[in-house]
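Structures are listed in the sections that come next.
Note that subunit A is present in both complexes that follow, paired respectively with subunit B and with subunit C.
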Partner chain A sequence: MSTPPVIRVVEREARVFSRLWRGTVFSTLVAPVLFLAAMGLGLGGLVDAHTGKVDGLTYLQYVAPGLMVASAMQIAANEAMWPVLGAVKWVKNFHATVATSITPGELAVGYVLWIVIRSLAASAVFLLVAALLGAVPSAWGVLAIPVAALCAAAFSAPLSAYSIRLDSDISFPVIMRVGVLPLFLFSGTFFPISQLPTWLQPLAVVSPLWNAVELARAATTGTFHLGADILHVAVLVVCLTAGLLWGRRTFTRRLTS
Partner chain B sequence: MPDPLIVAHALTKRFGGFVAVDGIDFVIAPGEAFGFLGPNGAGKSSTMRMIGCVSPVSGGTLRVLGMDPAADGAQIRRRLGVVPQEDNLDTELTVWDNLMIYGRYFDLPRAEIRRRAEELLEFVQLSDRRDSRVDPLSGGMKRRLTIARALINQPEVLLLDEPTTGLDPQARHMLWERLYRLKQDGVTLVLTTHYMDEAEQLCDRLVIMDGGRIVAEGSPRELVATHATREVVELRFARAADQSDALARVRALAPRVEAVADRLLVYTDDGDATAAAIAGDGVGAASVFVRRASLEDVFLILTGRTLED
Partner chain C sequence: MNARANLFRVLPPLTQRQRPWRLVERNVLAYRRTWVVFLSGFLEPVLFLLSIGIGVGKLVGKVPFDGHEVDYKMYVAPGLLAAAAMNGSLLDTTFNFFVKFKYSHTYDAILATPLGTGDVATGEVVWALMRGAIYSTAFLVTMLLFGLVASWWAVLVVPVAVLIGFAFAGAGLAATTFMRSWVDFDYVTLALIPLFLFSGTFFPVSQYPAGLQAIIRLTPLYQGVVLERSLVLGAVHPILLVHVVYLGVMGAIGLRVAERRIGRLLQP
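Showing the complex of A and B:
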């Protein structure tokens, strides 16, 4: 019985993770939950007392899906940058991988698949904690887990495609500061984008994170808007598909020259 | 002769305008140990990467195990073992997991990989390090683990790119001995090296490469017999000026003299007689040393340069 090549790529990542997961617990679980406590309960108490509900939700309910998806994005961005460059440039284990019956394209897809699996697990735990804190009013909230994973995929596919081409990591901190951090803050995570200056709002609308946050919030609150939600999914799927197609090219070019 | 395993015709590799491999032909038969000998930059690694189906052919034809790397790369790689020039072991995994994961890349069943991994660690004498991480291993141990990893899919052909570069003499000899055993077991070895002693130790047949081309082909013995003389007299001088002064006088005594940085090499069929003639002529060499000709000399005669250049 044969195992698909992309799954065999995932096996390696899962093996490494099984040894190193303790080191990731803080950044992927504890930190988001601390954010949830500080923002949702601490700041949220103030918001609720002064302005009433945000889009009809308590602030905790508003911010929980945003934090969940945004932390999936952060995991994805991190995993798609330094580890990819390391595997092709410093340790060179990607070169060893493609000397087997695994092709570079399969490696590219398998690597993204692994990030998706990791995001699924991290998001499930986060959602459970959020639900216990009363941040998830609807049972549809479970759908926010695949939404977070889709968001992780939409970021990690193009970013890993980009990272594999590099010879140094100098651009990574820039991407984190100029790309990931502003998205984290201004994609409807902590407040509705209607609060943004008018000229900035169109930018937020095309951001994959905003689309994912809106979807996740639709799920955790059980209020869907079919047309808009299909559009949100479409934006994420376009990012993912474009990223995978690009990644298959850049992985092939970098690993077979 | 059985069907060849690897056939190259006018094989070419270009990187932009740079021609790394310039239209070479070679045929490698099952069970033989075939070498590419040449200095750095001769095109050996580029050739190996094309055979390993991780570098597209720019021109000419290449068939590996009867298949075309462009069309059947994954099928071919399934039956190859690759020991690259630079260690690329997975430093995030243990010795044991390096073998397990690599076996999984070939889609082998776990029980089978475990069985082979036990045997291979025994074979490369790393059984006691199976739970160690990769980083603390010595250079020789890493190379041996890389060889074990390359054998996990029981390859028909083992590609070794500069297998002992950077190793100390003891580690090199241990590696040669393992490779010799593989050859006895019928594994076809294809290796590159810029060490002539390695080529002489391991290769049944080899090609000498220089500047992307093959300049000679044959068994180590044939190559020496065809292109060099039986013996070589090495003359060293106290000062560089002495060496250039002596060159013309030595040339008058022997037809073939090569001057390298620190010595003159005089090619002759009777080393002792030539050494005596040189001494009688009053060439003031600081040291005179007679030895048998080697592949190093073949390379020097064919290209005018040494392998280490």
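Showing the complex of A and C:
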């Protein structure tokens, strides 16, 4: 029984990463913790003094799960844009991959799986630091790690399917600024979406990030609402599945012509 | 007009002093194709203003400043403007410069013309500053629309933003000449994010323990944040000139180092 092709793809990425991980430590591990310190502790001091509790939580506890899944989203978005286009246009290692017995469809799945593994690791580190700072009141908080990974999957599957079709990276900074950044700032990460203008709230509700933030916050605070939480998972799974199906088509089209 | 422009191009010695502008012209032309990217650069601070300033601002209430209390959104807006001036300038002089230098080989082509390495350094900095001036003017207008400007001193906001950009442009260019590959750009993030988060941008430095406060008062973005906030909120004192001098000297040193390093890197 040989290694499944999808795992081969993950192995390739992991081997490359083992040489390059130093260049990612700061932006994927340290930066989110700094955001937590600045917003949760610094700004949180002012919030706690003025408002008391936000949704029954200290501001540090409120903002921690949001930042955790938001950074998983950012890792996913980054990895599903420039590196994917690079692998098909500049370095062409995806062409090398499909010259083996690995199919484009398997490559698409394997690449998303690799991003999921990376965000699992990053989220685990973040959760540990957050717990040490007192931002995670419940032991159910460990469940926030798979939530963050699911969030990363829900973003990286459709984005990598999109990126592989491109010929230039010109749209990437626009996606970051018009898509990823607004999600980061307005998906219930820093303040409850009930504070948004009413016409914006439905938009926030369908955003995958908001669903993931709500799930992660349910986990770190240990307050679950079964019906709502199943809906949150469903939204994320729909994004992931749609992304994977689309990715199988776009990867095949780009890599077999 | 066109004929005259062409004449100056075939007789470059006539326009020695304008040579860096040729590089600026090149960048303007290049951006005409990607104006969406250019426009979206303005969005970033506005989104932060809406989210942190207005959204979280409701949870924060008022913040002490210069002996009285101000609304959090008024407090944070000038901080965001200063941070955006730093971000934009660093983005242009690090990532964008590196791509042109290492991958597009833009400068190899440019140096085959009468332009020299000094013109490249000056031209890129001038371009970064012009871009910064456009963005900060747009952000200042946004602040006015939201009613976040309290003083006429705010007319100096854009020049100060350009000064902040200048300080970081020199440093950014100089740093980029030492970069070997993309992996090294994590160091840019390493400098950028702590400065962005902890320079009194989002909350008063009095939130920190005394030792940390002293260190933060020495960092570059802090100077810019204090300047912009004092102008917008109308708390102008002669002591602010110290911050101006700090930023000016920082930019001059950075540019000097960058010019010399670029000379060594690009000249065969």
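The working rule: the second predicted complex is superposed on the first by the 256 of 257 C-alpha atoms of A that agree within 3 Å, B and C clash if a C-alpha of one lies under 4 Å from a C-alpha of the other, contacts with A are read in each partner's own complex, and residues count from 1 in each chain.
Keep in mind that, in the parts below, contacts are C-beta pairs under 8 Å (C-beta built on N, C-alpha and C of every residue); 3 or more make two chains touch, one makes a residue touch a chain.
Quick caveat: nothing in here was measured; it's all calculated off a predicted structure.
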Request  = Check the residue A:Tyr59 against both partner chains and state whether it touches subunit B (first), subunit C (second), both, or neither.
outcome  = second
Message = Looking at A:Thr256, would you say it contacts subunit B, subunit C, both, or neither? Reply first, second, both or neither.
response = first
Message = Quick check for you: in the superposed arrangement, does A:Val233 touch first (subunit B), second (subunit C), both or neither?
response = neither
Inquiry  = Quick check for you: in the superposed arrangement, does A:Ser2 touch first (subunit B), second (subunit C), both or neither?
reply    = first
Message = Just to be sure I read the superposition right, which of the two partners does A:Leu120 touch: subunit B = first, subunit C = second, or both, or neither?
response = neither
Inquiry  = Looking at A:Leu203 after the superposition, I want to know if it touches subunit B, subunit C, both of them or none. Which is it: first, second, both, neither?
reply    = neither
Key: Dominant contact partner of subunit A by residue count, subunit C or subunit B   = C
Task = Go through the superposed model and pick first if A:Ala31 touches only subunit B, second if only subunit C, both, or neither.
result = second
Message = Just to be sure I read the superposition right, which of the two partners does A:Leu20 touch: subunit B = first, subunit C = second, or both, or neither?
response = both
Request  = Once the two structures are superposed, pull the subunit A residues common to the subunit B and subunit C interfaces.
outcome  = 20
Query = Which part of subunit C faces subunit A closely enough to touch in the complex?
reply = 34, 36-37, 40-41, 43-44, 47-48, 50-52, 55-56, 58-63, 72, 182-187, 189-190, 193-194, 197-198, 202-203, 207-208
Key: Parts of subunit A lying in touch with subunit C, wherever the complex brings them together   = 20, 22-27, 30-31, 34-35, 37-39, 42-43, 45-47, 50-51, 54, 59, 170, 173-174, 177-178, 181-182, 185-186, 190-191, 195-196
Touching residues (chain side subunit B, partner subunit A) in the complex = 15, 52, 54-56, 73-75, 77-78, 80, 82, 84, 86, 88-93, 97, 100-102, 104-107, 149, 153
Message = Considering only the defined contacts, which subunit A positions touch subunit B in the complex?
response = 2-3, 5, 8, 11-12, 15-16, 19-20, 91-93, 95-103, 255-257
